[in-house]
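There are two complexes below, and they share chain A, which is joined by chain B in the first and by chain C in the second.
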Partner chain A sequence: MGKSIIKNLFKKQAVLMVFIFLFIIFAFFVPSFFSARNLINILKQSAILGIVACGLTFPVIAGNVDLSVGSIVSLCGVVALSLSYQSIWLAIFIPIVLAVIIGLINGFIVTKFNANSVIITLGSLAVIRGLALIYTGGKMVEGSDASKFILIGRSLIGGVPAYIFIFIIIAVILGIVLNFTTLGRFVYHIGSNIEAGKIAGINIDNIRIYTFIISAVASALAAIILSSRLYTASPLTGNGYEFDAVAAIVVGGSSLFGGKGNIYRTVIGIFFIVMVINAMILLNLPVAFQYIAKAVIIVVAVWLDIRTSRVII
Partner chain B sequence: MSEKILEAKNIIKDFPGTRALDDVDFDLLRGEVHSVIGENGAGKSTLMKIICGDFIKTSGQIIIEGKETEIKNPTDSLNLGIRMIYQELENLQKLSVAENIFLGKLPKQKKLPFILNSKKLSNDSLKILNELNLDIKPREKLSNLSVGAQQLVEVAKALSANLKILIMDEPTSSLNQKETEQLFKIIEKLKNQGISIIYISHRLKEVIDVSDRISILRDGRKVGTYEKKDFKEDEIIKLMIGKSLKTAGKQNYSSDEVVMSIKDLNINKKIYNFSMELKKGEILGISGLAGSGKEELMKSFFGLWPSRSEKILVYGQAVNLKNPKNALKKGIVYLPEERKLQSLFLELPIRYNFSVLWIHRIYRKFFIAAKNEKNIIAEYIEKLRVKASNAEYMVSSLSGGNQQKVIISRLLMISPNIIILNDPTRGVDIGSKEEIHNIISGLAKSGASIIFSSSEIPEVCNVSNRVLVLSRGRLISEFKDSDVNVDNIITAATKADVKR
Partner chain C sequence: MEKIEKKKIFDFINNQKIFLILIALVIILSLSNRLFLTYENIINILFQIVLTGIIAIGMTFIIIGGDFDLSVGANMALAATVLVILEKYGLAVSIIGAILVSSLVGLISGVFVTKLKINAFVTTLAMMIFLKGWVLLLTNSQTIQGQSDTILKLGYGTVFKVPFSVIIFLVLYIVFGLVLSKTIWGRNIYAVGNNSKAAHFFGISIAKTKILAFTLVGFFCGISGVILVSRLNTASATYGNDTALDAITAVLLGGTSLSGGEGSVFKTFQGVLLLGVLSNAMIVLNITPYLQQVIKGLILIIILSIDSYYVKVNKFK
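Let's look at the complex of A and B:
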């Protein structure tokens, strides 16, 4: 019996096990990997993407997907930075409000027309990036030197960028919402069985809309941090974030069919992908390899997902 | 003397923490119907899954036609000529009957290798359907058929050139009287063709009618096998549950107070001018043959089927039952007939499946306090005797009867006034069935009002104080107390049917 408990543990925490395994291998065989500077680098990369991915976890568990997150990052990034000339508070507040509106629209269209969220958010992706292009006139935006806005992305706490802690706080908050609130609970129910959810009196439409709002707002927060850190923003920022975020969610072990997953898994997924890419860069592998690596990781993750769902005992 | 087509010897199956089958022997003769009965958790499904290749036995031998074989996966089992028809329908609703029957073996055009030969598909399906005497059109979309007809299509699907052993798991759970007779005729035919059938059902009378032999499993062991000439119902029940069945004396707890009244409810083309009054503490049965509109009526009480009424009053207040949320607000709960599709959240923990109504109807706070939730779940696990060792496991790990108890607990947790039960004991073993009946009786005693429907007319009679009989969308008879019996109901339903 003890043996099967360990076996179950491995099955359930398969991704974590592989992650630790790879980490150890990289630590020994990849030059400069196991240095404070590099590890902090990995944390820095993971933080921004991680916030987006954690937000995206909500629609995914509910059985949908939000592919517009990358564009939301770009639009909110340019808006935030351009408003840094006015006031730091506007620079934070307006992008968030913008994200809430976008999330509302995404959610509304998907629910009221019972449309496929892949198609709808693909459309949003295009529209929002178009808006970003219009807003900036196609140019890059630079932040105001006079503003305190830069502190968000550049300040350090104990030698570590402050925004890493922001990421941790956001992840914890989202995790609490998912696991300990009625809203989070219903997200799981909807993802698992919509029909049963309806019969149980769950307001499917509202919950779905909330998931899109959460996803959008998370992207906005990531955008604020990113634009503050780089102090430049362009309509092309965030391009491809949706791919990485979905990849992280899938690699972490959540199911794209809904009903399965959590913030913890998403975070592991992000670290996993960022770490592998980081190792590849340190090994001086050509950029093309990184794309291939990402793709292979995702295929393997999805394959594992399908295999462990159809349990053959 | 028939030869043994299947022999399972000393079968043991272990799961982490439990032994599901303990040294079970089972054999099957060619052309016989051998039923396997037992309570939920007795091991019937496990044994069948081993024969079908869904599970791998921990130890033991399987001998097919005299040769010892290992069945390692479903393909092995299919190649040996073993096919299984499941209790809960898994066929594809959007495809046609013909496409379902030939799933995976669609006939291709002779000259064009990748193109479907739809004419042949249609003709071949028609041949099979005719052979089984089923009046179903091959091109009909599966979702347009009644649940019972879909089940018969499942049977058609299982027939193929190589069929030697057919396993039927609760085949009549969705069938009405007529469809059950059709099924039995099909079974006769199959027997004559030398096909053996393993029949699993909780309906003891049916099992006695159709079987040549009956084997009884209890707690993972085989406790007896009977030949047809030795069938004795009470002995068999005693072996199944380890004690004799007490027949519950039916009490009538109805008062005069009317909790719900419906005036002239109409469902487009299904129900015409239906009116009724539900009294407090009453168990009201709704009965009707196929096509009577009973299913749609039951659903409309909970807002799951569009209807128009002149007036619906709940506790004297006018209400509009247009969706489940509205109904829940009024203290009405509903138990659907297909729990896998309509009640269970299969991948979610047992805990989530218990508390989904409670958290937003009783608890109502944004943050869910784990302790409160655990407490109320523990309370109901005890009250309804749900066999769930750990509430964090997925609910799919529970047996059918226990899953049903979880759903019933879910409803009772919010202290409902009006409880609509649509076939609550479908696919549930005799022991749990009795427990559920007692629960229903207890609920009526405590003042709740129950609307009850079942696919088994005898059950409706056993449970209800009053029965409304529907035929072709109209309420044609009402029976109370001692007039509630099978003869009256069937006579009323069929007489009205004929009188057209």
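Let's look at the complex of A and C:
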């Protein structure tokens, strides 16, 4: 009995072990991997994707998937940057409002019609990407140095970009919401057993709609930071973010079937993915290998998840 | 008696609603634009819809079986790439090679879904990312050009002014419409999609049924890839980005339910035609490609909402 608990614990932290192991390997064998500059680079990359992935963790734990996050990053990025000429507050406020509306619509359709979230959000991905392209006429949006908007993405705290701390704060808040509030507990309940949740008197529809809003708003925040940091925004910026975020979530060990996972795991997952891609870039491997690595990581992670949960049962 | 008659008429309208929408749309469009209902334009619509249309046949099998496949676009791009690379070994070798590779990809997806129990969403999402990487690797992230131009003769060859690809498209619809409705495998797909546990009790091999269906989708991606190259003689990783979206939309538009167990190839045929007419109308009306994307996404969302709502209402009845 005691042995199996230890075994379970080891299994639960398997991703962390593999992550540390790979980190050490890369530090020794990948040139300029273990340098302050590169480590900060990994943090920078992880921060933007991490905010998206932490938000996406909510619908995933509730048993849904939101594939529209990447297109929300694109749309909110171009909207934020084009509004930054007028005022920094508009550039922050309007994308968030947009995201709330998008999340509300996604969530409403998925819950009220009981529709498959993958295909619905595949549709909204197309709609939102199309809207972003229409908004800019297919062109890039350039920022202006005069705007205070630049401070979000470019100010430093102790030599480290400030938005890394924003990421940490967002992750901590989302983690607290998920693990220490009634809303969070309901999200788990719904994901693990929707019928039991109904009997327990949870307003399932509302909770599921909230998860979609959280995921959309997180994407908007990532978009604001990203467009402020790059100072250009393309209507295609966020293409593929949904894959990285899904990959991070499953690698972390949250289940795509709902009911299992947390923010801490997603953060480890995002570091994992970003670190592997970073090492591949340092090794000068073609971009193609990044795609292949992501695909392999997703399948292996999910397969391990299925296998281990079978063992526990 | 009168009540039954009324119900019959209502059922008829309900069952043929896509067909009726299609006819209404065609009438409106032909009245508003003289060029719409010409022989050339009808052939043109079919010519444009062939790639999505052929893949949608396979998608119908998969969706009736209770899954869906997001990797179809990337698989089509892979077939196109393999074909262009193999062209120097002769036309037959390259075409067979491309279709084989794509079928094999479908087979692997099927094995992952049934034997490793990784669900279709994760498997086909990962497969899509993987294939994208593989095609980027094979093409060196560029658009590659075929060595010989003989394949273009296939792409632009016609019989009675009907392009070869349109004939292949129609033949495949008839053949696989019969396969789905008349063979044991076809019936097993309905059974598995309806209630896989019950199907299992009746001695149907779920794994075999599903693996065959995924292989079939791969096979169709191969054929679409070949037809694509026969028109352009190039291949690139950007091909097929919206194919999954279009194919799933066509299937659902035809009236096949995403919840599995019902639908038909004939329904998908209607969905494909409707999507083709809509796309053609959007081009005729000068709607920008960006707005077309928005409209297509909205169509998918609306159609799936209606479909899911019916399923939900029937479940709680």
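For this structure, a couple of remarks:
Note that in this section the second predicted complex is superposed on the first by the 303 of 313 C-alpha atoms of A that agree within 3 Å, B and C clash if a C-alpha of one lies under 4 Å from a C-alpha of the other, contacts with A are read in each partner's own complex, and residues count from 1 in each chain.
Going forward, contacts are C-beta pairs under 8 Å (C-beta built on N, C-alpha and C of every residue); 3 or more make two chains touch, one makes a residue touch a chain.
Keep in mind that this is a model prediction, so the values were computed, not measured.
Contacts of A:W303 after superposition on the shared chain: chain C is touched, whereas chain B is not. Of the two partner chains, chain B is the only one touched by A:N193; chain C is not. In the superposed model, A:L183 lies in contact with chain B only, and not with chain C. When the two structures are aligned on the shared chain, A:G158 is found in touch with neither chain B nor chain C.
In the superposition on chain A, A:V118 makes contact with chain C only, while chain B stays out of contact range.
More residues of chain A lie in touch with C than with the remaining chain of the pair chain B and chain C.
The residues of chain B lying in touch with chain A in their complex are 15-17, 54-56, 73, 302, 304, 323-325, 327-328, 334, 336, 341-348, 352, 356-357, 359-361, 363, 365-368, 370, 410.
Across the interface of their complex, chain C is touched by residues 65, 109, 113-116, 118-120, 122-131, 133-134, 138, 243, 246, 250, 256-257, 286-296, 298-299, 302-303, 306 of chain A.
Residues 68, 70, 112, 116-119, 121-123, 125-130, 132-137, 140-141, 242, 244-245, 248-249, 252, 258, 288, 290-294, 296-301, 304-309, 311-312 of chain C are the ones that touch chain A when the two sit in their complex.
Residue ranges on chain A touching chain B, taken from their complex, read 1, 4-5, 8, 180-183, 185-186, 188-189, 192-193, 195-203, 259-260, 312-313.
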